[in-house]
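Below is one structure; the comments refer to it alone.
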Amino acid sequence: MIKHLPALLIVIPLLVAIITPLIGRINRALSWYTATITTFISFVISLSLLKTVLEQGRISYWMSGWEPPWGIEYAIDYLNIFVLIIISFMAFVGAIYSKKNIDIEIDEEKKPFFYSVYLLFVTGIMGMTVTGDIFNIYVFLEITSLSSYALIALGKKRQALLAGFNYLIMGSIGATFFLLGIGYLYLMTGTLNIADLAVRLPEFYHTKAIFTAFTFLAVGLLMKLAVFPLHFWMPNAYAFAPSTISAVMAATGTKVAAYVLIRVMFTVFSLEFYAQAPFNIQYILLVLAVAAILAGSIMALAQTDIKKMLAYSSVGQIGYILLGITLMNTNGMIGSLIHLLNHALMKGTLFLVVGAVVYRTGLTSIENFRGLGKKMPFTMAAFTIAALSMTGVPLTVGFVSKWYLSVASIEIGMWWLVPIILLSSLLTAIYFWRIIDNVWFKPALGEEGLEHGHDNHRKPKSNDAPASMLIPTFTVAMLCLVFGVFAYGPVSLAEKAAMILLK
Amino acid sequence: MIEILAKYNYWIVIILLCTGLYGIMAKQNLIKKIIALNVFQTSVLLFYVSMSKIEGGTAPILLNHGHGVQPLFDNPLPQVLMLTAIVVGISTTAVALSIVMLIYRQYGTIEEDQILELNKHND
Amino acid sequence: MIDIAIPLFLVVCGIAVLFVRGLFSSIMIFSVYSLVMAIEWVRLNAVDVAITEAAVGAGISTVLFIIILSRTKYVDEGKHMNIPALLVSVSVAAVLLYGTLDLPNLRDPNIAPNTHVTPYYLEHSYEETGQLNVVAAILASYRGYDTLGETTVVATAGFCLILLLRGSNRRQGTKDSQKRTGSRT
Amino acid sequence: MNKHTAGGVGINPTEKSPTVTDQDKDIIKKTVTKFLLPFIQLFGLYVIVHGELGPGGGFQGGVILGVSVIVYALVFGLKEAQQRMSVKTKDLLVSSGVLVYGGIGVIALLFGGNYLQYNVLLPDPKFASTIGIMGIEIGVGITVAAVMITLFYETVRVDDND
Amino acid sequence: MEIIESARPVYAILVSLLAVVLISFSGKSPNLREMWTMLAALLKFGLVVSMLPTILAGKVIEYHVTRVLPGLDIAFRVDSLGMVLALTASFLWIITSVYAIGYMRSMDEHAQTRFFMCFAIALSSAMGVAFSANVFTLFVFYEIITVTTFALVAHEETPEAIKGARRYLAYLLGTSIFFFLPAMFLTYNYAGTLDFAGQGILAGKASYTIISIIFVLYIAGIAKAGMMPFHSWLPAAMVAPTPVSALLHAVAVVKVGVFTVIRILLFVFGVDLLSKIGLGTYLAYFASFTIITASIMALRQDNLKLRLAYSTISQLSYIILAVALLTPSGITSSMMHITIHAFGKITLFFVAGAIYVTTHKKNVSELNGIGRQMPFTMAAFTIGSFSMIAVPPFGGFISKWYLIMGTFEAKLIPILIVIVVSTLLNAAYFLPIVYAAFFKQPESGEVHGIKEAPALMVAPILITAAGVLVLFFASPLLLNLVKIAVASALGGIY
């Protein structure tokens, strides 16, 4: 069975997702256990695959037993195992966390279907990650997208509906562009297998058709990735979705989109393509990345709702990921990959914390965070750690990625990127500091006579989130520190991935 | 004739695609947006299906398999891909429409500008 | 000639769908559009796809649209040009046209899709899968995994519908007249 | 809630108090439907399994099967339809279709093949493939039909709450 | 130079972190909580002192904790320079803790648990800075100090406290992110390492222009050293409770700042390199400007703590000026002044706090005749001021003596004038306070007779004041330690 782990990785959550509503019919509470155990199994399988990849290199699994390029291949190398570990872990964390969170955000009788769709979402993102066939990416992308549209629209406030709808529109446009790009590639090369494409594509690099193909693939993915200025679906989607979903989507959804972008840019296409392209693609993407970094940070500053602020901050962070990709050198790629990990951990933590706050107070305005340090000390400690990591403080994982990005910028002579990275770090520090300030150094709203939306009977005593929320949140926050101090592990894996990609 | 047909469907695809795209962005009515999205998606389907056709080819069904010379077959692969894509399209439409229904239920309208207006009031 | 006329009619329908006044006529024209699309695909020998499109586009979608339409109220919108949207569409068109310039000719038996990968299917599908319809062979076997994904997409859509629509918390009482701002429960 | 804004087209899922002539029409409608439905369904099944030879397959057949139930619901009313095909059964079918598909893949694993590798299922690979493909087409058909019904049940059902 | 592998510096850092945990769990029982603080302070001092013989024997203690990235290590290295700071900080933590307990209890302050926790973390980090083996480790601890002391500055949670704390944070974090971090980054980029080395690591690795840029970035980035124009966080931080001000202005923050400057100048750039480019001279003049300007501004302050704050700014620049001379005496002076100024200034702040606790007076103009009411306290104040002015036989004289020798060695006569002028200014803003306290009549209605602050506060004041005296007479002990550092910085010439 070890040989079949790549297939089982996807098939197990898929089939469990399908039967979850049936399990839920026996007992609704069972669906949570099902989802948690399944995501845990996926995580364990990912770890086992990591071991195999480290020992043997690239894994290739032939679906239906057909040899690629005729059949669909599952190809796992350093790059996607890296992403896979992140997303399967975060999906697992999200599943544990959802137990209490869902109690207040989803109707009781819908729980089995919620977990079913949640598992389908997880299946989709993992499927996109491990597949070696570009059309198969599209199929799993749609599984992911469909489930995420519904999950977002589930949010309690009615704005969630429009947010879900807009995401659906943007997601569909993005996916269709991606499909169009695949069509161009197929028309020129006749194959859909990524490895085969990589072999057959170089002779067409100079053609206008391939350039167009690249454009549509890239634009489609940039939409999914919510790169500025294609980000506008994201803030509302993250702001109004149920907290678990905001956290899991922020931690995994954009990561996978970034992964596919890297895969397309450096495996399907190669560095040679960018040298031959009629436009300077690197420059264009670089401008986008820098704009995203700055705009995201500035817009985050202007927000009064924490979830929106985090969403805009994601726009900026995605800019970093894109920046690393765009620099097209090893250190940049390492920076980008580490930032994937980093952003998954810290943004995951932050959204999980917000979910816990919503669970306790029901509010998401930044004002509402006043005095929470006394009420929810551990949750807020996790928040503070993640915020520090966002800022890029040394010994957090946020520092590692920014360090690599800076090194890479200098390496290719773009020293001016360093001040930009710094400026955005500073802005990040400012908008997080507002909250940390509220959390630790200001009395709670009710105690100041401002009664706005505050339950007076709630004592300012320690009333931290329930353990099923607190433990996952705190664990992820701690990982921000662990990987900040022992960055060597992920960095060496990312380095191997980068070496292969940029060969 | 063949010279025209060689590129003709590309142009049709482009026109349809851009009409759809314009509709998605410009229309305020959510249902119209979805219809436009469908036009947009089907244009890509047309693109794929167009490339499956070969001049003088027949549908890829091996009726006289093993009996003498095989006829020239059209390319089945794009057709297969598009079967999947159509299904994806209708699934998306179904989810989209159900969200629209809920939106109507909550806001009493399916015009985007009015919804945004209501959101502003209620925030 | 008909190969030129049908796509042209398609374009006419496509544009009319969006610019005709009234949603119902729009949906009807969309139904026609789907049918014409199916006919075009029959012309292109893609019978499976055509049947599916006819069932989906002209059938299910139309019914769905009408169901939804009957549940909602349509306010006729003014016809004003949306310039940014137009610019975006035109620029997308420009990129596409640019890319089309050196795309291989359609209907050419020697282009890459017809010389790589596909010949293998045409030659081996019967021996390897026992299927005479190569489309079915690819669909269910060579790319069977995609089809599993496709089925999952359908099931996902089903679950999403249930998740969104089923349940007691979305009753009439929660319209915008409702006092509690933005909260649905 | 005005159901007839869209040019008078509306689905009538719920029974209205029919006049006498309406009832006569209803009887004709119902009889014809009752007579036709088995054929439609048979045709649906045929399309599902005969994809091997001509156009057609699980998806198209599934749509036809689904439509047959929808037609039944249109003619006899939602409640009647849900007695024949209950929501629970339908939910079960949505799941079971994919389960059949995925299950065949898993069985292939147990037989020592790769996932979804049908030709290991039986000694004769060609026949095994045919059986496997038929199996998955049935799976697709079940799910598609069930989701079609879901589409109808759920969109119309919500309206009942008004 | 003999290197000894030992985790003792790590223990010295960890001991107060452990105390943080214990403090956080014993918030309900103040006595237990403060026992942990005292225990940690004593233990830490003991650990530091236990390393002293090794260092005095000319050896170095090293400990490598972990490698974050290639080139970025968390590693510790105890040498004589670090020892100077560590000894000063850990000793004064004991004293400050006693004082803080007295102060916080008399003022009945809120959130005392948080206060003592942050205090302990700040001290841990100060040790971390002192024992850092490379720029990265130093930077990390430097930042931790900023963040934890923010909580201390904002302690009162009044609007003005928050405002002051914000400015404090903005200056310190802003400069370190914008200048220090890029400087470190460039250093790594050109030198390929961040480990401190006796002769610097940048020599020959980059052009003079780039080295100058890095130099400017470092100097601008270390705002904790209080150089103008990034000095105004210091007066802003005066909203903090007095023990914090004492800690900030004598031990943890500002001394870490100047220590970092010395560390970077001597062990990243190296004396030779700086002399070759002539950057030291520029820095010396720049520091002179701060010395004079800050002294003049101090003259104009009526608020006692603010006056002390500007005095601090001026005194810190003495240290920078001294090291910028790049001569043996100059460097000696700078290192000694770290300790000497620490004792002097902490005394003065303690006094300011004691006056506030007893009489609730904050301003210089209200202090007429206070010497009669609080004779011990004001005697200590006098000692502290004299040390600031550099009157023998107080510690301040020693460091200024070496400074003057340093200017002769460097042949920078204008600097000498600066020193003279600033000494006069020092006298001008300290002596009137002493005069008023002892010789002016208190305003009518004032309490007569002796009414000192609580013993827990007076005792520390007397101890530090005595320390100022001791430092003069026992200066050879300190000198021995400093000599080793100077020798390693100058390659054994001294």
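Which chain is which? They are A, B, C, D and E, in the order written, and residues in each are numbered from 1.
Methods note: a contact is a pair of C-beta atoms (placed from the backbone, for glycine too) under 8 Å apart; a residue touches a chain by one contact, two chains touch by 3 or more.
What you see is a predicted model, and the numbers here were worked out from it, not measured in a lab.
K.L.:
Mind listing the chains that sit against subunit A and also against subunit B?
P.N.:
In this structure, the chains that contact subunit B and also subunit A are C, D.
K.L.:
Upon omission of subunit D, how do the remaining chains partition into touching groups?
P.N.:
Once subunit D is set aside, the chains that still touch form a single connected piece.
K.L.:
Keeping to the contact definition above, tell me which chains border both subunit C and subunit E.
P.N.:
Under the touch definition, subunit C and subunit E have A as mutual neighbours.
K.L.:
Return the chain whose centre of C-alpha atoms lies at maximal distance from the corresponding centre of subunit E.
P.N.:
Ranked by distance of C-alpha centres from subunit E, the top chain is D.
K.L.:
Give me the ID of the chain with the smallest distance between its Cα centroid and the all-protein Cα centroid.
P.N.:
Answer for the innermost chain: A.
K.L.:
With contacts counted as defined, which of the two, B-D or A-D, has more C-beta pairs across the interface?
P.N.:
When A-D is set beside B-D, the one with more contacts is A-D.
K.L.:
Distance from the CA centroid of subunit A to that of subunit D, rounded to the nearest Å?
P.N.:
37
K.L.:
For subunit A and subunit E, let me know how many angstrom lie between their CA-based centres, rounded off.
P.N.:
Whole-Å distance between the two chain centres: 44.
K.L.:
Find the geometric centre of each of subunit A and subunit C from their Cα atoms only, then give the gap between the two centres in Å, rounded to an integer.
P.N.:
Comparing mean C-alpha positions, subunit C is 28 Å from subunit A.
K.L.:
Distance from the CA centroid of subunit B to that of subunit C, rounded to the nearest Å?
P.N.:
Whole-Å distance between the two chain centres: 3.
K.L.:
On subunit B, where are the residues touching two or more other chains?
P.N.:
Expected reply: 17, 21, 51, 59, 61, 77-78, 81, 83-84, 87-88, 91-92, 94-95, 97-102, 105-107, 119, 123.
K.L.:
Send over the residues of subunit E in touch with two or more other chains.
P.N.:
Touching at least two other chains: none.
K.L.:
Do you know which subunit A residues sit against two or more other chains?
P.N.:
If we look for residues of subunit A contacting two or more partner chains, we find 14, 18, 21, 63-64, 135, 139, 142, 146, 149-150, 153, 158-159, 186-187, 192.
K.L.:
Taking all chains into account, which pairs touch?
P.N.:
Listed in label order, the chain pairs in contact are A-B, A-C, A-D, A-E, B-C, B-D, C-D.
K.L.:
For the complex, give me every residue of subunit B touching subunit C.
P.N.:
On the subunit B side, the touching residues are 1-2, 4-23, 25-29, 31-32, 34-36, 38-39, 42-43, 45-46, 49-55, 57-63, 65-66, 70, 72-84, 86-95, 97-102, 104-111, 114, 118-119, 122-123.
K.L.:
Given the complex with subunit A, which residues does subunit B contribute to the contact?
P.N.:
So the residues of subunit B in touch with subunit A come to 17, 21, 24, 30, 33, 37, 40-41, 44, 47-48, 51, 77-78, 81, 84-85, 88, 91-92, 95-96, 99-100, 102-103, 106-107, 112, 115-116, 119, 123.
K.L.:
Where on subunit C is subunit A touching in the complex?
P.N.:
Residue positions touching the partner: 95-96, 98-104, 111-118, 120-121, 141-146, 148-150, 152-153, 155-157, 159-160, 162-164, 166-169, 174, 182-185.
K.L.:
Of all residues in subunit D, which touch subunit B in the complex?
P.N.:
53-55, 57, 59, 151, 154-155, 158
K.L.:
What residues on subunit A touch subunit E, complex-wise?
P.N.:
These residues of subunit A touch subunit E: 388, 393-395, 400, 403-404, 406-407, 410, 418-419, 422, 425-426, 429, 433, 437, 440-443, 484-488, 491.
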